[in-house]
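By letter and in written order, the chains are A, B, C, D, E, F, G and H; residue numbering begins at 1 in each of them.
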Amino acid sequence: MSFTYQRLNKDDVALLMVDHQAGLLSLARDFSPDDFKNNVLALADIAKFFDIPTILTTSFEDGPNGPMVPELKEAFPNAPYIARPGQINAWDNQDFVDAIKATGKKQLLIAGVVTEVCVAFPVLSALEEGYEVFVVTDASGTFNQTTRDAAWDRMSQAGAQLMTWFAVGGELHRDWRNDIEGFGGLLASHLPAYSNLMQSYAQQASS
Amino acid sequence: MSFTYQRLNKDDVALLMVDHQAGLLSLARDFSPDDFKNNVLALADIAKFFDIPTILTTSFEDGPNGPMVPELKEAFPNAPYIARPGQINAWDNQDFVDAIKATGKKQLLIAGVVTEVCVAFPVLSALEEGYEVFVVTDASGTFNQTTRDAAWDRMSQAGAQLMTWFAVGGELHRDWRNDIEGFGGLLASHLPAYSNLMQSYAQQASS
Amino acid sequence: MSFTYQRLNKDDVALLMVDHQAGLLSLARDFSPDDFKNNVLALADIAKFFDIPTILTTSFEDGPNGPMVPELKEAFPNAPYIARPGQINAWDNQDFVDAIKATGKKQLLIAGVVTEVCVAFPVLSALEEGYEVFVVTDASGTFNQTTRDAAWDRMSQAGAQLMTWFAVGGELHRDWRNDIEGFGGLLASHLPAYSNLMQSYAQQASS
Amino acid sequence: MSFTYQRLNKDDVALLMVDHQAGLLSLARDFSPDDFKNNVLALADIAKFFDIPTILTTSFEDGPNGPMVPELKEAFPNAPYIARPGQINAWDNQDFVDAIKATGKKQLLIAGVVTEVCVAFPVLSALEEGYEVFVVTDASGTFNQTTRDAAWDRMSQAGAQLMTWFAVGGELHRDWRNDIEGFGGLLASHLPAYSNLMQSYAQQASS
Amino acid sequence: MSFTYQRLNKDDVALLMVDHQAGLLSLARDFSPDDFKNNVLALADIAKFFDIPTILTTSFEDGPNGPMVPELKEAFPNAPYIARPGQINAWDNQDFVDAIKATGKKQLLIAGVVTEVCVAFPVLSALEEGYEVFVVTDASGTFNQTTRDAAWDRMSQAGAQLMTWFAVGGELHRDWRNDIEGFGGLLASHLPAYSNLMQSYAQQASS
Amino acid sequence: MSFTYQRLNKDDVALLMVDHQAGLLSLARDFSPDDFKNNVLALADIAKFFDIPTILTTSFEDGPNGPMVPELKEAFPNAPYIARPGQINAWDNQDFVDAIKATGKKQLLIAGVVTEVCVAFPVLSALEEGYEVFVVTDASGTFNQTTRDAAWDRMSQAGAQLMTWFAVGGELHRDWRNDIEGFGGLLASHLPAYSNLMQSYAQQASS
Amino acid sequence: MSFTYQRLNKDDVALLMVDHQAGLLSLARDFSPDDFKNNVLALADIAKFFDIPTILTTSFEDGPNGPMVPELKEAFPNAPYIARPGQINAWDNQDFVDAIKATGKKQLLIAGVVTEVCVAFPVLSALEEGYEVFVVTDASGTFNQTTRDAAWDRMSQAGAQLMTWFAVGGELHRDWRNDIEGFGGLLASHLPAYSNLMQSYAQQASS
Amino acid sequence: MSFTYQRLNKDDVALLMVDHQAGLLSLARDFSPDDFKNNVLALADIAKFFDIPTILTTSFEDGPNGPMVPELKEAFPNAPYIARPGQINAWDNQDFVDAIKATGKKQLLIAGVVTEVCVAFPVLSALEEGYEVFVVTDASGTFNQTTRDAAWDRMSQAGAQLMTWFAVGGELHRDWRNDIEGFGGLLASHLPAYSNLMQSYAQQASS
C-alpha cells in the first residue's frame, strides 16, 4: 500500500476557527485556561504570519454562548465572519462553505470549541467533500479528557490528521532560512520555555 | 479513498440501552458515580426529545445484577424491554434483534455496562449485520480505564464510531432553529457549566 | 497533650454558603461540574434536614460574577442573604458577622467559591474569633488542584477541620434510629452508588 | 519539644474493624477492588499472627449495607461482633467501647469503610479518651481521593498516626528472628512482588 | 466495506502464556502487583473452565528471569511447557509453533511479560500466519504506561484485537444458561466487587 | 489555644523574587510553562498594583543559570537587585537582608525557583527572624510534584503560610470598592476564565 | 486481508537521531529528564551493539537550540553528521537523504526532539518513499502528553510502527544465544530493575 | 512561638542508608527505576563530596532481599556496614546506634527502602533520642504513592523534615564560592536538565 504524505503547504491551506466564544470557552476543561488561550492565539499568529486565509464563525453569540474572543476578531479584521443563525455543524451553513470554496484551498486547518461537535462535525463534512483536513488539537477544547479521546478517535479514523499548533507552524515554515527573526519571535512569544533559551543565548552573545 | 460521513439522522436511528442495572453499575468505575448517572440520563433525555425508538435489555435482573435503573424504566414506559434469560451478547437474543429490526432503522446508538462485554459484543454483531454503529462512550462504564481503552480500540478498529451524549445530541439536532427552548433546557439540565452560562445571561437580560 | 474532639452537633452549628454564583462557578475546576453541583446541593439538603441556620452571601452578583445558584436561593428562602457591596472576606461585612452571631452557634460549616479566598478568609477570621470551624471541602471549588492543596494546608494549619458533605451529614445525624427514611433518602438522592444498593435491596425484598 | 515515639507493641494493641460490609465496599473507590481486598485481608492476617484482640462491628447489616465480608468473620470466629443498631460513630455504642476496654490495651489500630465517617469518628473519640490511635489507611476506603485527603488531614491533625498494613506488620514484628517462616509467608501471600523474590531465591537455592 | 466479527469460540481457541516468570514480573509496573496477579490467574481459570488448550513458555528460567509463576504451572500440569533456549520471539521456537499447530485451533489468546516483546512479537508472527489473534491486555504487563501504549498501537494496527480477561470470559461463555454456578463462581473469585454483590444477594435471599 | 490570623496587609508586606532566571526556569516542571509564566507575572502585577516594596535577587546570572526573566526586570526598574556572588540561601547575603530590613515590613511574600532551595531556605531563615512568611506557591517552581510536596511540607510545618497569587491579591485588596477597574483588569489579564466572564457581561451590557 | 510482519532485521536497518540538542531537550517534558536521557543513550548503545548505520542531524546548533548531546557525538564518532542550515524536516536536506540512501537499508529507526516535528515530518517523508519506518517513541520527546498523543496518532495512521528502545533491542537480537553477556550487560546498564535481578542472582550463584 | 531553623550543617551531619538492596528495590514503585537509581546515587555523591560520615545497613542480604546496591558499597568502602541479623528497625541494632553515636553528629539524613518501615522506624527512634532528622524523600522508595503519603505524614508530624537530595546538597554547600567546579559537576551528573544548560553555555562560551 503506497502512502502519500499530505503535507501542509502554505499556498494550499485555509484556517477555520469555529465557535471560540467567551461563554463556550468556560466549557473547555481539557486544558488549563492559560494553556488553551495561548494555543488559540498561537494558531492565530501562525495564520497571520503565513497569510493563511482564515474564516471565523460563531454560534448564537448574542446569547449565553457569548461573543467571539476579542483577540481573534482583532487578529483577523478582514476575515469572513459568519455568525450562524442556528446550524450546529458549520458546514451546514452555506455562507461558511462558500467562504471556504472562495479561498480555493484544498487543505483545511480546523480548530474550535467544543471538539466533538464544533470541530468534529465540519471535519467529517470536509473529509467527505474531499478536503485534506488537519485538526489543530490543542486549539480545540472540550469538557474533559474522555470526551476528547472519543472525538479524536472519530476524526482520526475518518482520515483527519491530528496536529498541534507548533507542528502546524513547523510544517508550514519548512525552512528557517525563509525567516529566522519573524518565526523565531512567534515561537518565543508563545513558548516560554523556548523564550528562555533565547534569552540565555542572547545574554551570553552580548557579553 | 473516498470517505462517507455516516451522520446521525434522527429519522434513521434507534437506541439500545444494555444492562444499566443497579448491581452492575457498582462495577463501573471509570467515571465518578455522579458523572455517569448524569451521562446515562442525558442520553435518555435525548432519545425522548428526538423520539428515538429505544430498546431496553437486562441480564439476570432477579439476581445480584439487580434491577434496571428506575429512571430508565420510567423514561421509556412503552419501550421494548427484553429481560434476557442468559445470553451475554444481547444480539444473541432473538427478541432483541427482532425489536431492533422492527424499528426499521439503520443507525444504532449503543450504551451499556460493562463496556467491553455488554456494549462491545452487540456493537460487533451489529457492524457485521451492516448497521452504522455509534457507541455512546460516556453512557457506558466499566471496571477501570485500562479496560475501557482496550474496549474502545476493539470497537473503533471494527468500524464503530465513538461519541458522547453531547455529540449525539448535537448531531441529531442539526439546527438550533428547530427548537431553542427544548434543546437548550435539555442541555442545561445535564451540563451545570452550561446552566451557569444561561443563568448569568438570564439575570442580565432581565435587569 | 490532651485532645478534645470538636464534634459537629446539630444544635451548635450554622452553615455559611459563600459566593456560589453562576459566573464564579465557571472558575472552579478541581471537580467535574456534575460532582461539584451534587456536592453543593447535598450540603444544602443536609442543612435543611437538620434545620441548620444558614447564611447566604454573594459578591457583586449584578456583574460578571453572576447570580447565586438558583437552587440555593430556593433551598433557603428565609435565610439571611447578604449581597456584599465589596468586601472580599465576607467576615469584613458587619451584616454577615451579625447574622452569624444572631444564630448563637459556636460551630461553623463553611463552603464557597473559590476556596483559597471566599472560603479561606472567613475561615481564618472565624478561627480568630474562637469559633470551631469546619470546611466543607467538596462543596468548595477553585481553579485547580495545586491551588486547593495550598488553601487546605493554610486552613488546616490554622485549626480548621477539613470535612466533606457526607462526613458532615454522618456526624450530625449521630444515630440512624433518629430517622432512617429521611436521612437514607437524602443520601440516596446524592450518592448514585448508594442509591443502587437501595434499589437492589428493595427489589429483592419485594420479590 | 521532646518527642515520644508511640510505637506499636503487640502486647499493647487491639484492632477495630469497622463496617467492612459487602454493600458499603461498593462505595470505596480510592483503591482498586483487588488492592483493597488484599489490604483488608492482610491486616486480618497480621492480627491473627500476633494474636491481637480484634473487635468487629457493622452497621445495619440486614439492609442495603450488606453483610460483613465473610473472610473477616471467618478470620475472627471468637471476636466480639457488635452489630450496631444505629450509631454511626461506633464509639457511641457502649458494647463496642466495653469490648475495647475489656482488652485492656492502650493502642488501637482502626480500619473501616468509609474512611471519613466509620474510621474518622471513632478515631477522634478514641484520641479524646487518651488512646494511642493508628489508622490503617490502606485497609480503609472511601468515595474518592479528595474525600480521603480531607479525612486523613482531620485525623492526623488530631494526633492519629497514619500507617499501612505493611508498616503495622513490621512495627509489631520487631525482629525477624522471632519468626522467619511465619511472617515471611504472611508477607508473601499478600505481596506478589515479594513472593516473586522468594520464588526466584528458592529456585536458585534448590538448583 | 463488510466487517466480519472474529468472535472467540471455545472450540476454536488456544491460549499462549508467555514468560510469566518471577523475575520478569518485577519489571511489570503498569498494573499494581495485586491487580496483575489477579488478572493472570483469572485468565488461567478461564482457560481451565473452558478446557482451552494452553501452552506455557519461558525464557532462561534458570537465570535472573526466574521460574514461571508456580500457580500457572500448577494450573496446567499437562500443558506443553516450552523452556526456550534463547529465542526472544516465542514464535521462532519450532516446538512452540508445533504445539500451537497441534491444537488445531485458529484463534489465539496471547498474554505475557513484557507486552511489547514477549507478547507483541508472537502476536505479529501469528497474524502473519493467518491466525485470529486476541491480546489479553490486562494479563500482559510492561515497564510503564507509555511503553504499553506503543505496544498496543503496534498490535492493534496489525489486526490483533485488544481484550481483557473479563471480556474473554464473557465472549467464550456466550450464555449463562450453560453454567451459572461455575462461571459465576469464577467471576466472584476474581472480582471482589462482583463477589460483594453476590454476598449481599445471598444474605438477603436467605433471610 | 487561641489563633491569630496573620493577614496580609498592603502596608506591612514586602515581596522577594528569588532566582527567576531563564536557565533555572527550564528546571521547573511542576507547572506547564504557560501557567508558570502567567503566575509569576500576575504576582509581579499585584506587587506593582499595591506598591509593594519588591526585592529581586539572582544567582550566577552570567553562567548557565541565565539572566532574570526580562519582564520582571522591567516591572521593577527601581527595585533593589541583588546579584548574589555565591550564597545559595539568599538570606545569607547581607545586602539582601539589609534591603528587606530597609523596607520596614514584617510580612514577606516569597516566590522563586527552585522551590525547595531558593524559596525554602530564605523562608526558614525569615521565620527564624520573626517575620510572617507567605509562600506564593504557584509562582514558585521545581523539578516535579514529589519535590514540591516535600518542600511545601517543610515550610508549612515551620509556620509559613502557603498561598497562591490570586489569594494574595484578594487578601491585599480587601474590598472591591477600593478599585474595581484596576483590580478587575489585573485579574482579567491573568485569568482567561475570568476574562471570558467579563466579555460576556460587557457584550450583553452594551446590547 | 493478509498481514506482513515488518520485522526489524539488523542487516536491514539504519538509525536516524534527529535534533537531540541541549537546548531543545529543555522543551521535552513528556518524560522525566532521567528517564529520557536513559532512553536516548540506551538506543545509542543498541545501535552500536548491532553495528547499525547511524545518522546524526541537528538544527541550528550554534543558536539557542544548543549543541547535540555530547554522549551521542561520542557514541558515533564516524557517523554522518548533518548540521542542517535551516530545513525543519530533515528529509528536505539532500545530504541527510543521501546519507540514508548510502546505507542501502530499507528499515528506518527514527527518534528525535520534538516528536511532532523533528520525528513526525521525516517519518512521513520516509513512509512516502517506501521505507519501513519504526518510531522509537521513548527516545523521542515533546512538550506534553497531549502533543505526544496527537503526534503518535498521525504517524501510526500513516503506517509507522510505534516501538520503544527495549522492543527494538529485542527484535534485533532475536536470540539470546547470539550473545548473552553483551546484550545482557546492555540491558542491565539501562534497566535498573533488570540490573537488580542480575545482582541478586549473581550473589546467590556465588554463595 | 519562636521558630528555630534546624539547618543542615556539613560538620554536624551523618547519613544513614538503610536497606537499599537489590531485591527490596523491586518493591519500590513510587518512582521510575531510573529516577530512583539516580536519586540514590546523587545522595551518595553528596555525602562523599562533603565528607559526611555514612553508615550502611542491610536486612537479610543473603536471602531474597538481595545484596546492597553495588554502587553504594563502592562509594563508601570504609563506612560502617551493619548487616542486621533480624531487627526491622535499624535503631534496634546496637551496632548501628553505636556507629551513629561514634560520629558525634546531631543531625541525621536518612534514606531507605521501604519508606514506611526501613526509613520511618529509625526516623522516629532518632527523633525520640533528640536528633535533628532529615528524611531524604526521593532516595527513599515504597510500594505506591498512597503508602508514601501516609509515611511522610507520620514522620512529618513527629518532627522530621522532608527534603530531597537536591535540597540537601544546596543546604550543605551554602555558598558556590566554596567550590564551583566540583559541586556543579555533581549536579550536572545527576540532573540532565542542568547538564543541558551547562553544555549550551559551554559551547557558546567557546565559540
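Quick note on the criterion: contacts are C-beta pairs under 8 Å (C-beta built on N, C-alpha and C of every residue); 3 or more make two chains touch, one makes a residue touch a chain.
If you're wondering where the values come from, they're calculated on a predicted model, not measured in any experiment.
Looking at the partners of subunit A and subunit F together, the chains they share are B, C, G, H. Following the contact convention of this document, A, D, E, F is the list of chains adjacent to both subunit C and subunit G.
Repeated interface, listed pairs B-C, C-E or E-G, reference A-F: B-C, with more than half of the contact pairs matching by residue number. The chain with its C-alpha centre at the largest distance from the centre of subunit H is B. Chain centres were defined as the mean of their Cα atoms; on that basis the chain farthest from subunit G turns out to be C. We define each chain's centre as the mean of its Cα atoms; on that basis subunit D and subunit E are separated by 34 Å.
Computed centre separation for the pair subunit B/subunit D is 41 angstrom, with centres defined by C-alpha atoms. Taking each chain's centre as the mean of its C-alpha atoms, subunit D lies 48 Å from subunit G. Subunit F has its Cα centroid 43 Å from the Cα centroid of subunit D. The set of subunit E residues that touch two or more partner chains comprises 23, 26, 32, 64, 66, 191, 193, 196-197, 200-201. Every pair of chains that touch is listed here: A-B, A-C, A-F, A-G, A-H, B-C, B-D, B-E, B-F, C-D, C-E, C-F, D-E, D-G, D-H, E-G, E-H, F-G, F-H, G-H. Subunit D makes touch with subunit G in their complex at residues 197, 200-201, 204-205.
Those residues of subunit B that touch subunit A in the shared complex are 1-5, 7, 31, 137-138, 152, 156, 161-164, 166-167, 170-171, 173-178, 191, 193-194, 196-198, 200-201. Chain contact summary for the complex, subunit H toward subunit E: residues 26, 29, 32, 144. The touching residues of subunit F, counted against subunit H in their complex, run 23, 26-27, 59-60, 63-66, 85-89, 92, 114, 116-117, 120-121, 124-125, 127-128, 130, 143, 146-147, 149-151, 153-154, 157-159. Subunit A contributes residues 22-23, 25-26, 32-38, 61-62, 64, 66-67, 69-70, 191-193, 195-197, 199-200, 203, 207 to its touches with subunit F in the complex.
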